[in-house]
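Input: one structure, supplied below.
First chain written, first letter: the chains are A, B, C and D, and each begins at residue 1.
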Amino acid sequence: MIDVAVFGAGRIGKIHAGNLVLQVGANLKYVSDVNMQAAQELAAQHGAQVADIDRALADSSVGAVLIASSTDTHADLILRAAAAGKAIFCEKPVDLTLERAKACAQAVKAAGVTCMIGFQRRFDPTFAALKERLAAGEIGDPEMLVVTSRDPGAPPVSYIKSSGGIFKDMLIHDFDIFRWILEDEAVSISATGSCLTDPAIAEAGDIDCAAVTIRSRCGRLCQINTSRRAAYGYDQRFEVLGSKGMLQAGNHKPTEVTASTGSSVSHDLPEHFFLERYRAAYAREIAHFFDAVVNKVAVRTTIEDGVKALELAEAATLSWRENRTIELAK
Amino acid sequence: MIDVAVFGAGRIGKIHAGNLVLQVGANLKYVSDVNMQAAQELAAQHGAQVADIDRALADSSVGAVLIASSTDTHADLILRAAAAGKAIFCEKPVDLTLERAKACAQAVKAAGVTCMIGFQRRFDPTFAALKERLAAGEIGDPEMLVVTSRDPGAPPVSYIKSSGGIFKDMLIHDFDIFRWILEDEAVSISATGSCLTDPAIAEAGDIDCAAVTIRSRCGRLCQINTSRRAAYGYDQRFEVLGSKGMLQAGNHKPTEVTASTGSSVSHDLPEHFFLERYRAAYAREIAHFFDAVVNKVAVRTTIEDGVKALELAEAATLSWRENRTIELAK
Amino acid sequence: MIDVAVFGAGRIGKIHAGNLVLQVGANLKYVSDVNMQAAQELAAQHGAQVADIDRALADSSVGAVLIASSTDTHADLILRAAAAGKAIFCEKPVDLTLERAKACAQAVKAAGVTCMIGFQRRFDPTFAALKERLAAGEIGDPEMLVVTSRDPGAPPVSYIKSSGGIFKDMLIHDFDIFRWILEDEAVSISATGSCLTDPAIAEAGDIDCAAVTIRSRCGRLCQINTSRRAAYGYDQRFEVLGSKGMLQAGNHKPTEVTASTGSSVSHDLPEHFFLERYRAAYAREIAHFFDAVVNKVAVRTTIEDGVKALELAEAATLSWRENRTIELAK
Amino acid sequence: MIDVAVFGAGRIGKIHAGNLVLQVGANLKYVSDVNMQAAQELAAQHGAQVADIDRALADSSVGAVLIASSTDTHADLILRAAAAGKAIFCEKPVDLTLERAKACAQAVKAAGVTCMIGFQRRFDPTFAALKERLAAGEIGDPEMLVVTSRDPGAPPVSYIKSSGGIFKDMLIHDFDIFRWILEDEAVSISATGSCLTDPAIAEAGDIDCAAVTIRSRCGRLCQINTSRRAAYGYDQRFEVLGSKGMLQAGNHKPTEVTASTGSSVSHDLPEHFFLERYRAAYAREIAHFFDAVVNKVAVRTTIEDGVKALELAEAATLSWRENRTIELAK
């Protein structure tokens, strides 16, 4: 039995906790949150204790921590957990600054602890199946990747202000998809964007839609289009053109009902947002993390992956701000 | 150059005439119709002459006739055209009575003329491709056929009264599909139906929806469901279950536009009715007929096929009326 | 907290047990099975005790039982559980004989206990959404129902011999779908079938494919086609034609990957079989059952529904054997 | 009756001639081609005469010319036809140099003749329906356009050498789509590309895949991805994200057959290449041109549209070569 502490009892913390307790051999021992009521409710639901972070990290029975608190706490918690020798699962992003993210990666490496970053999309059944089929050579060598990544609606401007901007907040996942799917690194990135849905987003110094183009070392091309607002829901698609064909990952729907009326033949909208769309992915990533901890094997989404995605997000932000293509160091 | 006469200048006559003149070596010489204005307009459009049927049949330069007049004239025109030694294309059905249809078939055989019945669905790109793939063994041996055959709306009750009933008027095509797709004959047929859309149809002695089950000599099963009213348009699908898989023929749409809004993801309705849905099929069947005439080869939808489909329609009508399964002579 | 006993620790018993323990307020206390090892394993997994049925039923703390043992034990267990005053969830069918099923229904009624039959399809997200939209009037009045119900492959002939035949074993679910979707009862039923996949099935007195037509009191038509073998997987579709349109329930797929290669554009096969296809449905039906027990409200799939579906299965069997339409008492 | 001359009797010249003769009031009088045999065959097929260009332009009965000869002849023929006062239909591109294209536009304007450029995609049933629905406000204001434009295979390198490069040869259509769909002009364009399929293309100074991003005056974003090779056929899709939803134009398929086997559920590949995919579009554009000539109304794809698309192609080429974003004069 491995005792686990969860830091953060909000929306995503609850999901991770719920998935953790399904793992054979896992015991959710502590829940920490600055919101004491949230911590108590989550602890009560799973028979865990509320504890502050110091206590949880000081308990030598705790083998792993799940960091699901706000982004600005990630780096500090990673450093402290690494120092305490705990296996770490941390939500993306590692940090909003590349410097601190790299420092975390170094600390993790020095401590020799397991550290997994929550790029849950790699564990989505559709995306993972696509990746497997690509790796099996079904469409030959990948040449082009087109990613569509749109949210159903923008978050409050207050959130946007502290989000790090659209590239670090939303596209960090898509930058990871680029690296994961093509198994290649970027040599240049070019980004542009607009604010078309709400002037307050522009006033906050951000944009609400963006178009990004990445060239890889092997000359592969990747285009990412994104928007904070898709009236029809959460749009999460990508397609890979290869030398022998194409693989496409489509949206998931709640049901397979088709309605034919006098006006149209219609289907369900896509799953509304990430909690619905990536329900299975969240379960699988925690299972993978816990399995890696138990069996002492490597995790599939490392803190280095987190750093690399953040590098791309920073470069994209710079490209957008300075209206030029950014060359990336090889 | 082969001169051709068209009997009937209505909706379907115009389509056949328009397709005929596209055939290299075909000359539309005569148009006949009891509606003189319709005949004159169609003749003028294609540089043909208006003529009565006697004159057209007496003209030895006429090698073929297209019979597209009302159903009650089909048998008489087939007999006269056969007697005159003309190649014959005739719209379905041959006749509303089996006896007269058989007499036509015998006359055609005795005269040794080409006679093709307009089961245009066999020439539909989708249906024909399915048939070819089935014949190539893609799904092994066919075991079950499910046919959906629904009109967008009922015709006037005046039409229904002289239509021969839903089985002879609508399902005659589906009975032909059964024979064509399975390459098998019926040993029993069971039909039931209701009048759910308009009481006037029941008063006219007919039904507006029906469910038919056919057993074939080889023990294959076929189910046909039909309705005079599908609010979403002309629904023309069938599927074949085979020992190694399934082939499905889906509806055709006018465009490939998909609209995603706040309420649904929607596509076009099916092509509205037979003129739109079977546009390509009508062109291909006339090309096939003319090719058969020119090259003196067998047509693919013979008058015997017309007789066989009518036999099934009569048996289905009897099954419905007497509420019992009808065994068919082998 | 309500203590629950599970009778039957096989494939479906495990699923029900796993779903039960997720219900807040449910305690899996006993597991019974003639296979002691299976009982022990399932009990161990959930911290329950192995017990024989007498002990479980004698324990006054047990408020509900889940019957997931072999079909021939259902009726006896229902009678005993009802006599003991327990709430009952029982897998379909109630029994293979109508007489015993009716006796169970009477005993349940006399005892005044909750009794739910496991027609899990009513709880499938797609089917349930279709039903809701139909009830909301989206396609007007339902007029026709077409059900496709095909298994990926036949079970061993030894199973078939004791299964009650294809109508009681496979189509019992579809008969329930008919009653549930149309909210109408059958007045006549006509069935035919063949044995096309394996002569041993015919030797066992059964068939492997069937075509059923049902007329309802309101004159609605229902066609069901079934086969023990669909090479492409578990095919579970139905469609309702209404006065204002059509609702279709399609198959579920494991992923939304589309592959385009030099030969075709392809998607996943349907979920392979019932355990995959109805995973969510099984979870929802147990949640519904437990909620009904806790809140003392009516269950949605009653033992009367079980009896009615069995009546249709018996009538279909008779229709097939005697090759005639069976009229059902109103 | 309006006499028409066709210049160019190759693949596309034949299609335009065949569509022209279907127009009521059109008479194909002359066919010109440097390949005398091709000219004779096409003339013979439609009862036209072979004539050199001088003779055709000198014939005052000729009201319109269709220019379907090689790209390097377009500008000269436009100038001569405009000088002769003929209505002009010319295949894209107007010319490979912007300067000459602009000179043509000025000459056409000065002569006051009708001049239509063959951007046939605007007449495609799917694309045109999407445009109409967008204009009708179905998805609110357009914000983002994503275009996928891929050929089934690269042409011979000899063709590529004189093609003007991928942006003028392939993407000229997509640049027109951008302007037509968004009804907006570009303010900047950024392009990158690679040669991944055949080194000979790189040796010829060209690329075989490209990624283009365009910003419009209103801040809308457009991404275009293209490749000379899609193993699955001609991939011609685009989607528009609007403030209230999304409209997508999908590929067309030859048939609506679906095959389900033990390995997959599959559909037809897209129509193989432009002749199949845009068959209806070619027919509609010639009908539109002839109607505009007869009724003296404006054409929908003007020579100015041809110039504008060429400007974008030149800017994209420059962006790719110099690896920088190109700002376009407003």
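Rule of thumb we're sticking to: a residue touches a chain if its C-beta (ideal position, glycine included) is under 8 Å from a C-beta of that chain, and two chains touch if they have at least 3 such contacts.
Fair warning: this is a prediction, and the values are worked out from it, not measured in the lab.
Student: Between C-D and A-C, which chain pair shares more contacting C-beta pairs?
Tutor: Looking at C-D and A-C side by side, A-C shows more C-beta contacts.
Student: Where centres are the averaged C-alpha coordinates, which chain has the largest centre distance to chain A?
Tutor: Between chain A and every other chain, the largest centroid distance is to B.
Student: If you average the Cα atoms of chain A and of chain C to get two centres, how far apart are those centres in Å?
Tutor: Distance between chain centres: 40 Å.
Student: Rounded to the nearest whole Å, what is the centre-to-centre distance of chain C and chain D, using the mean of the C-alpha atoms as each centre?
Tutor: Computed from C-alpha means, the inter-chain centre distance equals 58 Å.
Student: Please output the residue numbers of chain A that touch at least 2 other chains, ranges allowed.
Tutor: 139, 230-232, 244-246, 259-262
Student: Provide the residue numbers of chain B that touch chain A in the complex, in ascending order.
Tutor: Residues 230-233, 259-270.
Student: Going by the contact rule set out above, which residues of chain C touch chain A in the complex?
Tutor: 125-126, 129-130, 133, 138-139, 244-252, 254-262
Student: Where on chain C is chain B touching in the complex?
Tutor: 139-141, 143-144, 146, 148, 150, 188, 190, 192-197, 209-211, 213, 215, 219-223, 225, 227, 229-232, 235, 241-246, 323-325
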